[in-house]
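Order as written gives the chain letters A, B, C and D; numbering starts at 1 within each chain.
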Amino acid sequence: MTEALRKHAWTMGLLALLVVLLAATKLIQPSFGGPGLESLARAALPFAFATAGMAVVVIVGGIDLSVASMMAVCAVTAATLMERMAGVPAIFIVLAVGLGMGLLNGALIVVTRVPDIVVTLAMLFVWEGVALLILETPGGATADWVEDSIRGPFLFGWLPKAFLIIALVTAAIWIPIRRSKLGLSIYATGSDEMAAFRSGVAVGRTKIAAYGICGLFCGFGGLSLAALTGIGEPVPGPYLLASVAAVVLGGVVLGGGRGGLLGPIIAVFILRIIRTILTLMAVDPNVTTIIEGTIMVAVVMLGTAATLRSARR
Amino acid sequence: AGGHKSYTIGVSNTVQGNGWREQMICAMRAQALVEGDVANLIVAHRNTDSAGQLEDINNLIEAGVDAIVLNPSNPDALNSALDAAMAQDIVVVAVDAGVTAEGAYILSNNQEEYAYLGAKWLFEQLGGSGDVVYMRGIAGVSADTDRDNGFKRALAEFSGINVVHEVFTGWQQDQGKQQMFDFLATGIPFDGVWTSGIDNVIVDAFVESGAPLVPIVGADNAGFVQYLTTVDGLEGAAVTNPGSVGGAGIALAVDILNGEAPDSTTVLVDPVLWENKTADGRATIEGAQNPNLDPEWPVSVTVPGWTDYSMEEIIACEGPGDS
Amino acid sequence: MSATDTNPPLARLGRLMRDNPMIPLVVFLILLIATLEVMRPGIVMPFRGGRDGLISTFWVGNLIKFAIPLAMLAACQVLTMLTAGIDLSAGIVATVAAFVCATLSSIWGVAPAVLIALASGLTVGIVNGIGVGLVRVHPLIMTLGTGLIATGCLQVYQRLVINAGAEIPGFLVWLGTGRTLGMPNGLYLFIPFAAFVICLMRFTGFGRILFALGSNERASMLSGVRSWQVYLALYALSGLIAALAGLLYLGIIRQTSLSLANPLLLPSVAAAVIGGTSIFGGRGSYAGAIVGALILRVLDTMLTLLQMPEGARTALFGIIILAVTALYVRITGSR
Amino acid sequence: MDDLAVLDASGIVKTFGAVRALTDANLRVGEGEVVALMGANGAGKSTFVKIITGALRPDAGNVLIRGREARVGNPAEARRSGLVPVYQEPSLIPDLDVGDNLRLGDTPVGPFMDWVRELGVEDVRLADMISDLPLATLRILDLARALASEPDVLLLDEMTAALPTDLVERVLTVVRARANDGMGVIYVSHRFTEISELCDRASVLRDGRTVGDLEIEPGVEERAVELMLGQKLDLSHREGAASRGAASGASRLSVRNLSAGPKLTDVSFDLHPGEVLGVVALEGQGQDELFEVLSGFEKPTGGQVEVNGRPVSFSHPADAIAAGLTFVPGNRAEALLAQRSVRENIALPFAARPRSWGPLKLGRERERVRYAIDKLQIDTRAQGEAQMLSGGNQQKVTIGRWLATGVETLLLFDPTRGIDVRTKRQIYPLARELAESGAAVLFYTSELDEVALACDRAIVIFNGRVVDTIEASDADEQTLMRAAYGLTGTEAVS
């Protein structure tokens, strides 16, 4: 029990911070309630998927700088397809496109033996270009039911559908993987590639799979962008740096092998709610940038200091 | 506006760190300050995409604003949030570019006209035939697409005009300058340059490389307007594209809140072209100049008939609730 | 005697490349320039007739001129990457320095403006150094955060000087736009700078320690290195270099902007990595990064001159970067 | 058993760039046979083991299992073919717990736990994180994992090098028992005692070539060394035994009632200039903590340390170095700059302090590095990157660093781990030589015979306390062993 608590201390701390921030929001704006939560969850949607994907590749010991570009490709694919065909097959095609892009990223990393950061930096441009080739200018359309599926509450008045989608999708993808041999291999490869190889892990295939999972999450991210806006935009949004920040805030160690998906996703909500609070308080937007940067650094500093202390016994 | 009411107005903008947008925000602040009825201005101003703007608008609704003035990142993408706002009787005014949400007011610079006007002037200067360089903004962004439509319309009217280089500057000074150096170096000759607002570095590129100047069309940025009168041998035109349209948006929002809504929900602010080839044109430019202004700021700091603030007030860039 | 000797010339060539990783890089660069010359005959030649007579645009000079600030920012990345770090605040620091210098020059004069600009870079660097060295925050997050903070501060500052106008100090314009024998004057700054960085990395104790920290921090501690001192000095230096690059860039572009040098950030990382610097620390070369910067600039020109949809251009840029590094890794056997 | 050789590897060739690690390596192992693979540092033993088990691909040669071509393209395939290694470096995943490490390689848990207990490690749970476990335990887990997968041939690459004596005994017993059940074993070690106790036969590698096969019989050491080194080496000559410098004058390092962590409870001793003081302890008796404290990595929780009569307190290894205390850790991965050259590795301390961050004195550096390389006979064929050196040569580099810099007080933690006979026999006089020139040396070793060869006296630590002090003249292995097990010291000394 205490073991589990110690292992998940960081995630628990983040959860507590999120609750405190939610309470603070309620204090600042007493009318904050169901709709507020709902728009918070919707805003978190693309960030959560980008972060989940990034977390998986960071755990395997890599990094994917092309997440935002892949999301743009998926968003424009979704918007162009849904103009022409039924929503459900279009969704599957988009997810397949995302998965394919991720697998290609991974395969290039493994085959060329060029470091991940370089390959995905190059692929950032490639996917950005591909998005522009698919849709030269913002446009396309999404099926109405797709837009409705992320809007509004689910069953009870206060549980946003968007939140449910984040929870279901990440759980449906990650929990089976985490439980399987693949999940172990992902952690093993990120922790010590050489030892993993010698323990019989197919390191190359594991990496490719991890990047594929990242691509799949980017597929969901692109779909959620299309569903949010109703169109497809070929220009990558601000999801790259935000996802790296959320991953690190969420307790995944850059370099691999440690952390999970829950922490980073909580971190996404924390970062979103901070923005909401700053808007509610009518803080000067320039100062907002300073505050966001400071909070990011301060939280990580606190966390690092805490782990250093506990590591020192 | 009679009896003092106290409105809270929300502002949403998705490009930060660009002189034009900074002027727009300052114009909004200044106008809100001079409007007696605005008690508070909440500004959401950052670099983000349409999804991020949706988030900001929802946050503004959550903050209980009476009106939202936004520079939309895309005409179609924001409808869900804008509909939600209008369902709560929040007034929505889009400035700079339009939105398709039913019931939203639009007070926009006519981007298609902006490009058409400048391109037409340029093509006329060349006598209807010649080679031009076409320096666009950011690929895949609405404003760039609108301008491209205007440019193409003018191009269709002049069959003798040929585009030898088309390139995206990303609305970045350094990129534009470097690209112009590259064009000059290739030796493929051209007779004129149309720019989407990255203008004075283009002039610099000609001067620094010693290449003979060709007619150049830019925007009414302080730096470029100054060049139009000071650089020897430069023939050029500045097309107005006032960032102060933001101030006009605030004025419109207050009018609507006070029950003085205009008949049409769409108001287009048409651009004006200032060229330095005629005495008249030069006089206009001399009058508009302001050497102390941030060179990225448009020199047309007011929209006559809409904005009420003074030069000092927009430069102070303070809104209600500040200080 | 063994497999390697059965094909002597090829094997020897391979070994030569491995031992001198600069050779394949320079070969790539020359190949790219040759392709460009084929695409646009005459572009690389110094003097040529245009429609209106002689144009003295010296393309190579321009190439070098624009590569210099990129190469300077790449120095920030190479140095920090040696310790398995990175400086994502470099682009913003350069922008801040340029903006502060241009606006303060017209208020307080050139000398204080330049000093304050450099000091602001140094300050960001020191904060980075404290965060990375003392609090042990991951450099990626630390520099990302200080970058954000610096951006916000710049925005706030900008509102105070809207009316101040801007003045680009004369010597910066001379450095940025002047030429000597067809070569940009920026080289007067850059050649000593590059010599300094290369010597710092190869022939000083500090350089040794950078490589050592990146290879194995515990081993360095064991040998008596106090790593926080190194990180502090390193990131402060990186901030200073970024500010210097920003000043030079100001002279080149002759225009202030709130995002002037920001677009150089990703290319500066790319230049460092193309030049053979490992992001995992312990391996790197500044000469390689300089060639990397030149390669990126030549690519820029090629794509600018290619008539194709913007999407294809962007994609091609990525594909070429990947191809170059993949080939480089294949030839030198390093990563 | 000859025609039924379980494993037959022949004609193996492997080059790394310019380094020819193996030119013609051959090895046959029959059912139930334990074959020692011997060779000097850098002879190619580890490379050979890696090729047989699929971690490296050979340039030429083939591996037969029971006469048939074996598929050993990667470690997983080799494992399926029945070839299971324990490599020279730990191969468990640091960020996974023990249970997950087992799942990763489909190792059955029950047998694994049985083997762990059988090998004499009690306090391991499946939920323990690998990164929290000490090196010796990891080696045992590595072995237990290999045994649990029921291999046809088990390959052990210097797996006992990091083990304390008691665990070595258990390992040898267990491996012998499994061999008697029919498992083939390839055993790499530099320790003759282990080889003569365990092995049936020895195969000797020199410079990547198999140069001979020896039956294990009395006196085989001489012949083996001759084959390994290509020259004669007098094993009976015990260098240093004659030159015991009397501990003179005031003590250099004086430790009083030192405690740290749960394991180190109360240790006191004095170390004098001109003295080599041995430290003898079984695994986990507090010796790790003692060295961590003295080297400045850890703060003591009680007691006092004095250097030259002045009390000191270190908050960083740099403080310890400033006080003249330099440390060579037992785990070379901690001390090596894997990607840097041998020269930079050795010269590292020269540039450590900010005042030496300026230009390097290259001439002086070259000279000092040369001196250290010559002294330790470091094989510099692959000197461009330290990670490409063989395990033993890496170990030498970490010691060489302090030879080049010059030392006052040297803290050696098991310095001969994985070092070949010849170099070992050079390290003892080296320690003595240092002592004679005025240095003081604290020498922890897991090989008890080294105490008599290198030390003046030895302290024995048991359960976090010094339980005995033994003069070199009395330090035969039995006495040391009894003391190390905590059997009252007075009896042992008397």
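By definition in this document, contacts are C-beta pairs under 8 Å (C-beta built on N, C-alpha and C of every residue); 3 or more make two chains touch, one makes a residue touch a chain.
What you see is a predicted model; the values in this text were computed from it and never measured.
Shared contacts of subunit A and subunit D, meaning chains that touch the two of them, come down to C. Subunit A and subunit C, compared by their mean Cα positions, are separated by 30 Å.
With centres defined as mean CA coordinates, subunit D is found 72 Å away from subunit B. If you average the Cα atoms of subunit A and of subunit B, the two centres end up 34 Å apart.
Under the contact definition stated at the top, the residues of subunit B that touch 2 or more other chains are 16, 139-140. Along subunit D, no residue makes contact with two or more other chains.
Those residues of subunit C in touch with two or more other chains are numbered 151, 155, 159, 278, 310-311, 314.
In terms of which chains touch, the assembly is arranged in some other way, matching none of the line, ring, star or all-to-all patterns. Pairs of chains meeting the touch criterion are A-B, A-C, A-D, B-C, C-D.
Interface residues of subunit A facing subunit B in the complex, by the touch rule stated above, are 29, 31-32, 35-36, 39, 42-43, 46, 131-132, 135-139, 147, 151, 225, 228-231, 233-238, 272, 275-276, 279-280, 282, 284-286, 288-289. Residues 55, 74-76, 79, 85, 87, 89-96, 100-101, 103-105, 127, 261 of subunit D touch subunit A in their complex. Of all residues in subunit B, only 16, 40-52, 54-56, 58-64, 74, 76-80, 138-142, 144-145, 321-322 touch subunit A in the complex they form.
Those residues of subunit C whose C-beta lies close enough to touch subunit A in the complex are 131, 135-138, 140-142, 144-149, 151-153, 155-156, 159, 266, 269-270, 273-274, 278-280, 309-319, 321-322, 325-326, 329-330, 335. Of all residues in subunit D, only 13, 15, 17-18, 20, 23, 59-60, 295, 297, 316-318, 321-322, 327, 329, 333-340, 344, 347-354, 356-360, 362, 401 touch subunit C in the complex they form.
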